[in-house]
Amino acid sequence: MTAATTAPAVGKESLPDAGAAPAARVRNLRKTFGNVVAVDGVDLDIPAGSVLGMLGPNGSGKTTLIRMLLGLTRPTAGRVELLGRDHDLAAALPDVGALVEGPGFHPFLSGRDNLLRAAATEPRLDGDPRGPVDAALERVGLADAARRRYRGYSLGMKQRLGLAAALLVPRRLVVLDEPTNGLDPAGTRDVRRVVAELHEAGTTVLLSSHLLAEVEAVCSHVAVLQHGSLLVSGELSSLLEAGAGELVVTTDDPAAGVVALRAAGAGAYHRDGGVVVPAGTLSPPEVVAALVRAEVGVWEVRRDRAHLEELFARLTEEDA
Amino acid sequence: MTATLPAPSRAASRSHAPLSRLVAAELRWVLRRPRTLVVLGLLALIPVAVAIGIAAAGAPESGRGPGLIAQVAGNGFVLPVVALGLALTLLLPLAVASAAADAVAGEAAAGTLRGLLISPVGRMRLVVMKSAGVVTVAVLAVVIIAVVGMVAGTVVVGGPGSLITLSGTTLGFGEALGRIALVATWTVGQLLAVGAVALAISTLTEHPLVVLASVLGGMIVFGVLSAIPALEWLRPLLLTTGLTAGTDVLRDPLPLDGLASSSLRALVYVVVGMTITVVRMRRRDA
Amino acid sequence: MRRRWVGAAGAVVAAGAVAAGVVGIGGTAAAQPQLPPVSPEDLVASVMTAQPGPFNGTVGIDNELGLPALPGAPQLGNGSQSARIWSGGDGKGRVALPSGEGEKTLVSDGTTRWAYDATERTATRSTGGAPEQKDPQSDPAGAATQMIGELRRTSQVAVDGTAEVAGRPAYQLVLTPQASERTLLREVRVAVDAEKRIPLQLTVLATGSATPALQVGFDDVTFGPQDPSLFTFTPPPGITVKDAPAREGRPDDRQGPPPGTRTVGDGWDRVIVAQRPAQQPGQEQQRPEGAPDLNALGSPVSGPWGSGRLISTAVGTAIVTDDGRFAAGAVPEQVLTEALAR
């Protein structure tokens, strides 16, 4: 697989617990449906303890990748490793909570009865399931509607119930496929709170979305998929810093600025009347110091995140 | 979150929920499904309707009437046998097919099959659990018709407390009960054949109605094939061929040939149906 | 991807093979049993003296006679039927004729005979008319020789190998018409149980067809003591009990043809020519509902003998003339018209 290596020069992320095995790992993962390539040779690590946002427009292969990760679909080729298990995915599944492709429940049962049925199939649950079920309902803010039939739930309530099912027992990995679909702003906030709580408790979270803002708000890591290929993956902060962290200097005399900065060892160049300093050469204080020494007036030095945003924007535009 | 549930050690180490708990949850789900309850209620009406019809029409003098139903007059213990025979032509197979349709295709359509597999419920355990649900519906449906039939036959039709066979002999209460139990067991066997095939179809589709339509269409096609003289060689293979063998329990001495051969045929259907179900469930995407 | 379907297909084929075995469509190529040779005379003589003792079994009837479909008597049309029979071996017997939704039961305890029709819920009792007894054969061997001699004037009689019928080894007695006989029949086979010497199967083959026109025989048979209660009948409560009309005049039927009846020819091409009794007033009303109206059957024919309607079947032909004569035989139409013309 080449996507990761041909992606913009992204430094391999350094996790706090870099020595730990990843919560999930896929290698050269490929899935075709007839002639359609849904996932095209993806290599991806989901570091333990991270919140990884998988970004990409609809149809980019996010859901198919997640389904293969959970054993719902057989890969055409490649390898999946889940919580350290690669042959017997099912053995890892008790510790995985998931909300995939929208919530699935029976309309004739109440939300609570639906969760009780789900609880009966949870290997990690023993004894009376009512406690955990009620706790999960409380956690997603559905306690009041718990005894109403699922048939009458709004889209947001259905989504919350799906989240509750993923949270029935303590998990090591929680997979949320477009969790804020159909949620109002309050619901979106609740999802973010739950994700933050999970992260705090050390649970790895894999969250797919087509919204950059959502990923930026909650994720420590990000992976970008397009046409089934992985474009970028890594720690969100490093991607913002390194991948697109060029400095844009606004100055009285761009020509003098470029000369001064090149003399200082940075590959600076003109753009739109400003001076651009590519990432990875000089740090911002060094840039400012070099310009001051050359007596070039500095109005503004800022990080340009346009590169990453443009990438995301381009991807999300294909959505429409 | 971690604080909410101190998981016991046994649960912490196992990778599947206990099978008994899965089956219990499945049965609870099956028996709470409104469709199941409506179907079982409708089936209970069959013997009641026949009993009321016989009581209202009075005992026909010559005994001439539509087939076996005339045998019920003054001979209440025939009612469960007749009601089972009537229901087996269409309604019982559809009831079982409906349960099988909901079992896999219905879960897939509702999106709940994913949840079961992620839990995880092992795929073979899922087959066991789903089969248990279908078997339960088949047994319940037959038991309801048989019991309601006996009650209605005794209360509404009345009778000598014994069973007059088609051969003109009279069986005592105990033997009559034995005959009813035999036809009930045999009927369950035939329904399991329908259920296994329906379950196999259910694993091949995400639309429960496809299962119902297939079973209904299959029964009709089998009926047509049986009626074509040139295809007589095909008859031993058709499930519908033996569906009338239940009447044999009303003959004396009891002929077992028809019951045995149709049960063997049903067994073959069960083997084929379950083989397809297992193969498909092992591979099925959810 | 393809492997799984191969696996599934393999499983289905295996199950199908089991199915074929279970329901017996694979066909059983029964080897011909090895039996000591026997002459037709000895075989017939042994049948005449056979004392098979009590037995029960199932008799199957495969009817391909090609009789016209009679609305009132569908059981005569082509098809298969079976009957269960029990014999006490001493004139007692029981026959059950199951139908889809009913059954006819015949019970004889040796003196009283009952016929119970479950659909009609009617039991009919008849007494007297002692059960058929075999004529006491003082000299069965002689009688058999005489009978075979009689048959040989028009037929070839042979014991043609052996067969297995209802799981029992049997001799095949075969009667074939002599070349001079003008008949629709090709062959009549009787399978005789090698041990018990009772006929197990009768097969009638017509010319121009490989499948039997009629086959009556045991599908299974078991010799041994039978439950005595099988040969008594107690009418159950709530049914109609009738007494059959007295059977006077019946013996005449057996001893000779009724007046107005004559036979033309002998052997296989024997034709019966009869005068239908004059219609009595009200007879039309007596014809049971749905019973066939013979005048509407067959196709019209005419000739020097007059005109009438021709009814053809696989094994026989009948002509009902418009002036009330009747001719029938296991012969082609031409033989009938010749007989009528005489």
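Letters A, B and C mark the chains in the order given here, with residues in each chain numbered from 1 onward.
Keep in mind that, in the parts below, contacts are C-beta pairs under 8 Å (C-beta built on N, C-alpha and C of every residue); 3 or more make two chains touch, one makes a residue touch a chain.
Here's who's who by UniProt: A = ABC transporter ATP-binding protein; B = ABC transporter permease subunit; C = Outer membrane lipoprotein carrier protein LolA.
Bear in mind that the values here come from a model prediction, so they are computed numbers and not experimental data.
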| item | value |
| --- | --- |
| Far-end chain from chain B, centres as C-alpha averages | A |
| Chain with minimal offset from the mean of all protein Cα atoms | B |
| Chain centre separation (chain A, chain B; CA means) in Å | 49 |
| Whole-Å gap separating chain B and chain C, where each centre is the average of the chain's CA atoms | 41 |
| CA centroid of chain A to CA centroid of chain C, Å | 85 |
| Contacts with 2+ other chains: residues of chain B | 283 |
| List of chain A residues in touch with chain B within their complex | 67, 70-74, 90-91, 93-94, 96, 98, 100-109, 113, 117-118, 120-127, 131-132, 135, 139, 165, 167, 169-170, 197-198, 201, 203 |
| Contact set on chain B toward chain C in their complex | 59, 62-64, 67-68, 70-71, 73-75, 160, 164, 166-170, 233, 236-237, 244, 247-248, 251, 253, 255, 257, 261, 264-265, 267-268, 271-272, 275-276, 279-280, 283 |
| In the complex with chain B, residue positions of chain C that touch it | 4, 7-8, 11-12, 15-16, 18-19, 22-25, 58, 84, 96, 98, 100-103, 105, 107, 114, 116, 118-123, 227, 230, 233-240 |
| Chain B residues within the chain A interface of the complex | 1-2, 4-5, 7-8, 10-12, 14-17, 21-22, 24-25, 28-29, 32-34, 110-122, 283, 285-286 |
